[in-house]
Amino acid sequence: MELLPKIGWTALSLFVGINYGFVINGIIRKVMARIQGRFGPPLWQPYIDMGKLLFQRNSIMHGYMHWLGPVFRSVGGIGVFVLVPIVIGDPRLAGFSEMGDLLLVMYFMFFGSLGMALGAGEGGHPHSPIGVSRGLSQMTAFEVPFILSIIALATAAGSFDINAIVAGQQGGVLQWNFFSNPFATAAAFIALLGMNMYAPFNIVGAPTEIPVGPATEYQNTYFSLMMIGRSALAIGKMVLFMNLFLGGAHSVLEALVKVIVIYFWSVFVGAVFPRFRTEQSVRFFLRWPTVIGVAGVLFAQLVRS
Amino acid sequence: MSVFDYNTQPGFDLISETPNAGTTVDPKEVQLWFGPQHPGITGNMSVQLWMEGDSIKRGITHVGYLHRGFEKLMERRKFIQSFPIVCRMCVAEPDTTEYLLASSLEELSGLDKEVPEKAQWLRTLIMEMSRLQVTLMVLGGQVGTMGMGTAPNWTYTLRDFLLDSFEELTGGRVYHMYIAYGGVRRDLTKGFAQRLEATLDLIEERLPYLDDLILNSAVFQARTKGVSVVPTEWADEIGITGPTLRAMGVASDVRRDYPYLKYPELDFDICTAEGSDIYARTKVRRDEISQSIHIIRQILQMMPHEGAYCAKLPNMLTWTIPAGMTYTRAESSRGEMGFVMVTDGSDKIRRVHLRGPSYTNAVTILERMLPGMNIADLSATMVSLQTCPPEIER
Amino acid sequence: MFDFNHSNLDENGNPGAEIVSRIHDRFGNFPVHVQKPDLIRLNVPQTDIIPLLSWLRTETPFVQLTHLTAIDWLEEDEFELVYLITAPSLCISLMVCIRVNREKAEAESVFNLWLQAETYEQELHEMFGIHFPGSPRQGVPFILEGWQDMPPMRRDFDTVEYCNRTHPERPGREHHDSRIYVGRKFGEKGYLK
Amino acid sequence: MRKFDPDRPWDLTTLPTTMAPKGSKPHAPTDDRCFLGAGDVPAAPKLQEAVATIKNWFRASSLNVLAFGTGCGAIELRPLSTSRFDMSRFGISGAPSPRQANVFIISGYLSTKTLKRVIRSYEQMPNPKWVVALGSCTINGGMYWDSYNTIKVLDLYMPVDVYITGCMPRPEALIAGFDYLMQDIKKGEANGWHHYLENLEWYRDNQKKVITDWDLPNYSW
């Protein structure tokens, strides 16, 4: 496909993806409210919040690095989103997936948080470094089972290319990695709980401990940029999980449904748990999920040989 | 004799808040104010922390943000004018302080023998309802400090149904001013018992779900077991009372030890737990909810339906009380509360001083538990000790 | 530790008689007032307070300091300090009262016996100006911040005058006595006799 | 940057965005390019009005309340935010840090010690911001009219947009108060924050009269 239309289609899908993230965010707020016995905010509340953030004024700035933090964060999210194919065999909705593989996607997932950490540290509030250290230690911990699970999938598919992994799962539901390698799936979905930062792993911005964490000093427009980045990253991650474990999607509708199903896995877990302490969270990920991940790698080797 | 040497803050001068001469400040140390503007703080107080990474090296409690000088104001008011003041001493649980004021002045004036039977039952009822609603609030707040929104929403709603009963009985949701000299202000309304019973049934029905969310939750147990242990030897040294003491396994309760009102006639257990950590204190609170429900049901059954609810009173604007000094106590949801009450024969209180459990819990105990604590546990610890700042500074 | 149990009752069924006679034997005849069965008030000279409290803390069941407060007897030019000591095993409290001079208000600290006395003494120092030498945090601001007047809980501190001087009022408000408003509505007296 | 026109108070775009009050030395950079809306091109009045209406609608529909329970009224904020009354229905939610809040609920009497922290938190909130004051105590001192440690009239020390009477106001009263606030914001009349900046010296004088150990900066950024 020509580069220019490709950029156009990717930008369009990014726009739709970010908006879908906002919609899902509204649904989540509503669902959480219903679980808690509340009526909940209107579905379009994320859009109103976004508009309000844009129309408030910033009153403080801690240097340009501080300002760049949300930019890095959004770049990370957008990077993940554009590198993941959305619909199988549709070059318009494949993004730039043939130009990068899983490792690049994972790099972008890490990159956003690192950039945010750099910017947040500039704020100077003690909550920021505490939140950053919490977030980075938890991230390093959940990366272990996640990477093990990805190694297992790559072993089975023989490649780190997402398109190849998706192609290997075609031909029936039982061909999905969700069923063909349950160990890798379990490890990755537990790691997903940590990535999505719902309870019990919402230790970064824990409001009763270190309010807002790294983002303590961030304000309106910074926040709106972070909302965009977070939305792109969340949808990108869900699409990635859909491709890795649920056999990709054959149509846009299928993709939308699978994304919301994967998303609500962590939302429902988050509704019924308090949060861990940092070291408990790290210990959690390095214990059973890691063992399951190793089992997933061995299982993949066994099946292959 | 002290288990705690005060000078565990080496080289630090508390008055000027600066390091003493000749000592160096650890460059890794960060000073952090936990409150007063902080969602995790209980009420309006603050803890000044010196942190090293995630863990606290030492800290000081600062109170006084809510000081209104109640005791000074009550020296200027007539006896009847003191009621609106005392109930604001502890916002969440106003009935205990109302009872303390009424009973201490009744004792000094000799009015206590004239309080009718029914008034005593009604006082017992409202004090137990008040304990129940605070305990519900704290039980949800305990897990709310650990980031779960579901359980606090449920318990706050259950508490709100109880507040409806308060409103029906007294006219106020939060501040009741129900207990008056010589009895109470108002009789039960028609059908009140049935409606309160329905609320109690609802609470009892929801309790198993709350258990699953809170006490039986693996994450909650991991967060709370063995955390913020109050050493048993502090019980005498610091004068700990209430759920904090009962969580050490000591069955101590003012309702049983210094019987007042109708509690001697009621059948209830004193809930204790072992471990003296946050989990034990939460468990004590959870069990007390069941006990309170049990007590309220008994009261509703045993209460006489006929009779006066208030004694014949002298003219409140010219009422004088002979000189005397006494101490009255009652069990609040946090522990022993008491009034030192002094009168001098005039129509005003000479001196009144509130003794509250938060005084020791929030300052003496908390400051001694801070070194080595993780900042993630601070908020949970404060809720489990039930620190209530308006009671400390009044 | 002497043997103390509920069988040592006086004719009124008051278990406190034993401890009172013990204190009288050891420290001399203090005036005693039995306020109620579980509350006994002792008026003690200032010099005897620390020996008495140490003895109570170490050799009797009276191990808890429940409360420490002060009363300002302006007419007699004295402060009265009230130590409320409780025996949890017996469920009896002792109110030990001492009088200190108001001009040179100073009393010995009981921080060495009970840890939480530190906070009570800090508050009394701030609110009454009673100094407890040796107690930590004497002079550390506890409740008030930037207070420059006399300690506010003293009887001769006039809160209304202070309030009118520092905190301005909303214009249009004439009185704070509700009786005047009621009087305008219901008659001159304002209330029914 | 254009001058603020008192005849057009709804026109929030005329305000300087970096908000450096007279006589203060902001340690925030004065580089206007970092701040959104600084380079607004003057548009036709009709268009400006329309833009301001849209902005105000968004601001009114998403209010973030600062988590600072200054007095007893804070106990009714919990029922307000939980299942029974649920303020999130109206787009009101909490904000743990003053940097992200735009509504300050003064929940009752203010002691002078708290007033200092309140002023600091208030100034740290980004503009536009609104103050809701609860209870009789903030209006005229209420039952604490003769207390030596509480202030009597809140609007001498900070601008108040909505007063809610009662001691303490019920959650329904709070919802009604928020409704008034939202209507005022939509009409562009809730301009207390702007009044504060314009009359900062007067407010400062009043504040320094009650806070005897004044150690705050000229303006807490």
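So that you can tell them apart, the chains are marked A, B, C and D in the order they are listed, and the count of residues begins at 1 in each.
Here, a residue touches a chain if its C-beta (ideal position, glycine included) is under 8 Å from a C-beta of that chain, and two chains touch if they have at least 3 such contacts.
Note that the structure is a prediction, hence the values are computed from the model and not measured.
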Which pair wins on C-beta contacts, A-D or C-D?
-> A-D
Taking each chain's centre as the mean of its CA atoms, how far is chain A from chain D in angstrom?
-> 36
In whole angstrom, the CA-centroid distance of chain A from chain B equals 44
Report, in whole Å, the distance between the mean C-alpha point of chain B and the mean C-alpha point of chain C.
-> 21
Provide the list of chain C residues touching at least two other chains, using ranges where the numbers run on.
-> 144-145, 152, 157, 159-160
Multi-partner residues of chain A (each touching 2 or more other chains) | 36-38, 207, 211
Of all residues in chain B, which are in touch with two or more distinct other chains?
-> 38-39, 64, 67, 69, 72-73, 76, 153-154, 157
What pairs of chains are touching here?
-> A-B, A-D, B-C, B-D, C-D
Under the touch definition given earlier, write down the residues of chain B that touch chain D in their complex.
-> 36-39, 43-44, 64-69, 72-73, 76, 84-85, 88, 91-92, 137, 152-154, 156-157, 159-160, 163, 173-175, 390
Contact set on chain B toward chain A in their complex | 30-32, 38-40, 51, 53-54, 143-150, 153-154, 157, 213, 217, 219-220, 222-223, 374-379
Report the residues of chain C in contact with chain B in the complex, numbered from low to high.
-> 35-36, 38-39, 41, 57-58, 63-67, 69, 71-72, 82, 84, 86, 88, 91, 93, 95, 97, 111-116, 118-120, 136-137, 139-145, 152-153, 155, 157, 159-160, 191, 193
Per the touch rule, the chain A residues reaching chain B in their complex are 32, 35-38, 126-127, 130, 133-134, 199-200, 202-203, 206-211, 271-278, 280
Complex contacts: residues of chain B adjacent to chain C | 1-2, 4, 6, 14-15, 63-64, 67, 69, 71-73, 75-76, 107, 234, 236-239, 252, 257-258, 315, 317, 324-327, 336, 338, 340, 342, 350-351, 353, 355, 359-360, 363-364, 368, 393
